[in-house]
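Encoded as structure tokens, the structure appears first; notes follow it.
Think of it as A, B, C and D in the order they're written, each chain with its own count starting at 1.
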Amino acid sequence: MTTTTTTITETGLWQAMVEARAFDQAMCRHNGHWHEARGEEAVFVGAFAELGPDDVVAPHFRGACAVALQRGSSPATLAAGVFGTDASSSGGHWRGDICPAPGPRSVGMFSGSLGTSVAYATGAALHLSRTSPGAVAVCGFGDGTANSGIVAESLNLAAMLGLPVVYVCQDNQYATSLPSAVALAGERVSDRARALGIPATDVDGNDVLAVRDAIGEAVARARAGAGPSFVHALTYRMGGHYMNDPETYRSPEEVAAWAERDPIARLQDQLVARGELTADDATAQVRAADERMEAIVAAAKGASDAALVRATSPYAEDLRSAS
Amino acid sequence: MSRMTMSEAIVAAIADAMTADPSVYLMGQDIGVFGGPMQSTKGLWDSFGAQGRVIDAPISEAAMVGTAVGAAMAGSRPIVDLMFAEFLALTMTPLGLEGSAVAFRTRGEVTVPLVVRAKCGVGPHRGHAESCVGMLLAFPGLKVAMPTTPQDAYSLTRAAIRDDNPVVLLEHMSLLHGARAEVDRTLDVRLGAADIRRPGRDLTIAASGLMVQRAVRAAKDLAADGVEAEVVDLRSLAPLDTALVRASAERTGALLVAEESWPGSGPAAALCAALLGDGDRLGFPVRLLQPPPTPVPFAASLESAFVPSVADIADAARALHAPVKGTVTA
Amino acid sequence: MTTTTTTITETGLWQAMVEARAFDQAMCRHNGHWHEARGEEAVFVGAFAELGPDDVVAPHFRGACAVALQRGSSPATLAAGVFGTDASSSGGHWRGDICPAPGPRSVGMFSGSLGTSVAYATGAALHLSRTSPGAVAVCGFGDGTANSGIVAESLNLAAMLGLPVVYVCQDNQYATSLPSAVALAGERVSDRARALGIPATDVDGNDVLAVRDAIGEAVARARAGAGPSFVHALTYRMGGHYMNDPETYRSPEEVAAWAERDPIARLQDQLVARGELTADDATAQVRAADERMEAIVAAAKGASDAALVRATSPYAEDLRSAS
Amino acid sequence: MSRMTMSEAIVAAIADAMTADPSVYLMGQDIGVFGGPMQSTKGLWDSFGAQGRVIDAPISEAAMVGTAVGAAMAGSRPIVDLMFAEFLALTMTPLGLEGSAVAFRTRGEVTVPLVVRAKCGVGPHRGHAESCVGMLLAFPGLKVAMPTTPQDAYSLTRAAIRDDNPVVLLEHMSLLHGARAEVDRTLDVRLGAADIRRPGRDLTIAASGLMVQRAVRAAKDLAADGVEAEVVDLRSLAPLDTALVRASAERTGALLVAEESWPGSGPAAALCAALLGDGDRLGFPVRLLQPPPTPVPFAASLESAFVPSVADIADAARALHAPVKGTVTA
């Protein structure tokens, strides 16, 4: 069993959420194509916080940049990837918003088509089970994505083969305009996993500690060779599906009610109450993160894409010999 | 007559069909109260939502198309708004392999009158540009239409809904919300018929989608040099109107095909095969102007270098026109 | 609510099974490409017996000809369809074994690719719900097919829209060589439906009366507008997956044990015990059916395909004008 | 050296690769104790089953290929036995749209070394004949190989496993269990290279799969009439070796393309586009011999009328050869 797991403090989790939101909000200001993740930080920060470098991540697209940040990507490189400019790691060939740091330990969306990344994570887990016992793949996907056929197929395959993978349904209650309460037939989406014999938990997705604990259990099970798990984290998309979403499909009251349950404020209140953080320090840290990300994203937005070189072959060997 | 964008014309054609024929219904993601991705179903929810004929679907494209195939066999005339053409890749078994084969398998006794709408093309919506048109052309029985004017958008949508075969309607995102133009709701356009968008005598430029618009602009540039290009809007990518293209090119003496789709498969390759394959020698040279055989790159600068520009088309036309007409150069 | 339901007696069910097996066994003797359905008759006979002409059927490929027989297709036409000869209804264009009588009320496989017919049945149910309230679609599929993504997608859609459709999993315990006990992760495949809020039953698929009753309840629910249901019928494929299957993946003992539970013998014993059928009469009827089907299938096998006309366009309008 | 059928040669290449490289594993339906559909994995279960490297999959083709893409990115070199090529239509999103784009999107830093095996073609197994090759050619980054001899079956399978790009191996059911021939396990064949199967001076016949075998037979018939046909086995359908075909046809003066795939999309159309599209006139006439643009009919008689026969190929070659060489007939 590998011991790559790092332990992050509760303050560290709070900081990761603050940083995630700072990047996210800076993108909202500067990028009309951004998909805002405000309100959902507890899910993706909690789900991916404790993984090590040998583990594979396949986060949901909403929050994917935050996961890359957490795993050490530079925000400037990530921002360049989102804008598709010179400093991007893909040389402008790829949309850096939805799979910001592709690599052998980070598999994600490779077109704009949802669902497949759940299979990729499952396949990565198969690879891990053969080559790195103790390593695990963690895979996030939205409530909407949960309905696509390849998700059902992948879960069945993982259960059948006992693969070390943790599925995290980031249920922000909407697939664009369609409420998950309507689109996800049945009482609980986690029952779909249970029906396959996959241990499943339902957690408050606005409570980062609850998410971390649920994932921790699931990860431990996977590392021990006991197969896949499923975590359903109920949260809320505080912003629109994308910038300028008219949001005709939900009421301002509903949005306001969920704003009361902001995951960052919630943990912050706990930390302050416990004396692990002062309100002033929290405000200062938030401001510092916001300012840092604002500067990085603004600079990235203004950066040039003049030096990008267009690949004219899709084949690995041609791309390598060209570079 | 009223002035519409292409997007409005498609919605109008659907609304008219739904009013006239209760067997028409619409399924898609976010097509209800949301009004459709990029307003693709604007107003239809208000008119037909209460009748259960505008159905918001979960993310399950294979089942969206699969249920439509079953409903069509049973007697409905469903329209599936698939949002983006790249999602067509999720539906090829029910749509291409099976739905398009039912009429053939039953010798026309059972049909699948189904329309699948799909947005594609480079442009305002960063990402989701792939048309996957080569994949569509790989399945016999599937018709593929791609309007470039509000009138064609209306008439081809209506024709697609009336057709007894599965039809994919490719809606180019750079054209959908372009200029409004008069639309005559009584005008029929047959699926399978190309159209001469601009007459000319010196060479033929065949194109579809955004490339038609760019070809027309290139033709204006060329006209300034005294070269009169005829622009053929393919409109129907399957079946292809090879006869019209051939006749035009035989008249003008040269054929330039400008396409946004990948080489190796798609309308340009299909056209070449149809023109060339009968063992006769072509009386005119052919030049294909297409993106390289790669996925669509993301960066704005790369994307615009990827797709033929107005200048690329004009340059290729000049080069093709330059050799003395009729000479065999090889 | 339509009242197209016909009521078939228990003797009628027995006869339908006898007829199904007679056709099936004649095909085994004459067609090397046949997929034997022996042992599974109780599932497909029981599932489709009580439907009316306005209802839509989409049987599993194994047993599809029996369902067509039940719905009035002539065995000679069906056999011609299987061989692809002059008398076939498709003019030789289609494999008549897997979707023997395609039409607006019989949707099925249109290539050799499994899974899609579950979506077709679901779509037909959507059509029925809009145009013929009270009518129902019944859809059969194998345990192996149950794992394909389009099945999961279709069930979710049917549940979400409350469609009048009954899903019947014809679990013969194998997908070719892969046991359903291995491939279908989880305790019971019916739990997948339950997870979607779809009422589900598990029945003994070798007991045609139990199957008929379970389906009857499900059909009544659908006719009443109460949405989809799922019936899992456990049975056994007494023959190979196809002719000449080496069957290296299971033991002769297992096959022999299930032969004891033959659904036809089982109902026959009950009918004889109750005096509704004599053993002699039963034997005579079986022999008559066998002789009739043997003659029909043998004749079909010898029939010519000389007069078939090859369609050279796939488009509906061309095919119509050509005929 | 040992004598093998094509099927045995493919299995041998897989076994050798699995022995040499622990990152190679195999997933497919019925590939375990059953030995693979049509014996496609005969013996592999005994050698590698206990190592968990021969994985029996449930019916879930999208996930089979999707997990393979993920495993390949993570460091494995998976082989998916998809059984029949028509099931490729279930996998186009992970395989075509995404898996084949990863190297491009990451500029070669992340690759998807994946082989997908798929049986196709008319022949002994009634049904499942569709190769869907046109669909495959619609996705840049995907390689497609189709061996026609035991040697190529071995060498191309090995090349496919070693390749860092996704490769589809189309295995023709009428050839797989044909005659045995010597296989040299040291011989390399590059993906992307066509081969001259029979030299000739009078015309070129380009073909793939079963059509190569028929073209060679037709060439024998033609030789009896004094016409020497050169037969080019395309072998690699993507990328296509246009250069070899062009050079051959320029030398012989005429090109006949015999294909089992549908017109409009597939290797024949891709070849026409590549030959024709540069604006130069071809120095030789081209004739395509393909099935009509319909699904494959079922009846034995219809199926055999559907696909070009030896006689069809010989007749088309004669007609193409008949006009005085070099004359423009249009």
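Just so it is clear, a residue touches a chain if its C-beta (ideal position, glycine included) is under 8 Å from a C-beta of that chain, and two chains touch if they have at least 3 such contacts.
Keep in mind the model is a prediction, meaning the values are calculated, not measured.
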Based on CA centres, what chain would you say lies at the far end from subunit D? A
Pair sharing more residue contacts (C-beta pairs) when B-C is set against C-D: B-C
Separation of mean Cα positions, subunit C and subunit A [Å, integer]: 44
Quick check: how many Å separate the C-alpha centres of subunit B and subunit D? 30
Go ahead and note the Å separation of the Cα centroids belonging to subunit B and subunit C. 40
Could you grab the centroid distance between subunit C and subunit D? Build each centroid from C-alpha atoms only and quote it in angstrom. 36
Multi-chain contacts in subunit B, i.e. residues touching at least two other chains, fall at 57-58, 60, 62-63, 86, 89-90, 93, 97, 101, 104-105, 130, 140-141, 293-295
Provide the list of subunit C residues touching at least two other chains, using ranges where the numbers run on. 90, 93-94, 111, 113, 115, 147-150, 153, 156, 160, 182-184, 311, 313-314
Which residues, counting only subunit A, touch subunit D once they are in their complex? 56, 58, 89-91, 93-94, 102-105, 107, 109-111, 113, 115-116, 118-128, 130-131, 149-150, 153-154, 156-157, 160-161, 311, 313-320, 322-323
Over in the complex, which subunit C residues touch subunit A? Could you list them? 147-153, 155-156, 159-160, 182-187, 191-192, 194-198
Subunit D residues within the subunit B interface of the complex: 86, 89-90, 92-93, 96-97, 100-101, 104-105, 130, 132-135, 137-141, 238, 240, 257, 262-266, 268-270, 272-283, 285-288, 293-295, 316, 319-320, 328-330
What residues on subunit D touch subunit C, complex-wise? 29-30, 32-35, 37, 56-63, 84, 86-87, 89-90, 126-128, 130, 292-295, 297-302, 305-306
Mind listing the subunit D positions that touch subunit A in their complex? 23, 25, 52-53, 55, 57-58, 60, 62-76, 78, 93-94, 97-111, 140-141, 143, 163-165, 239
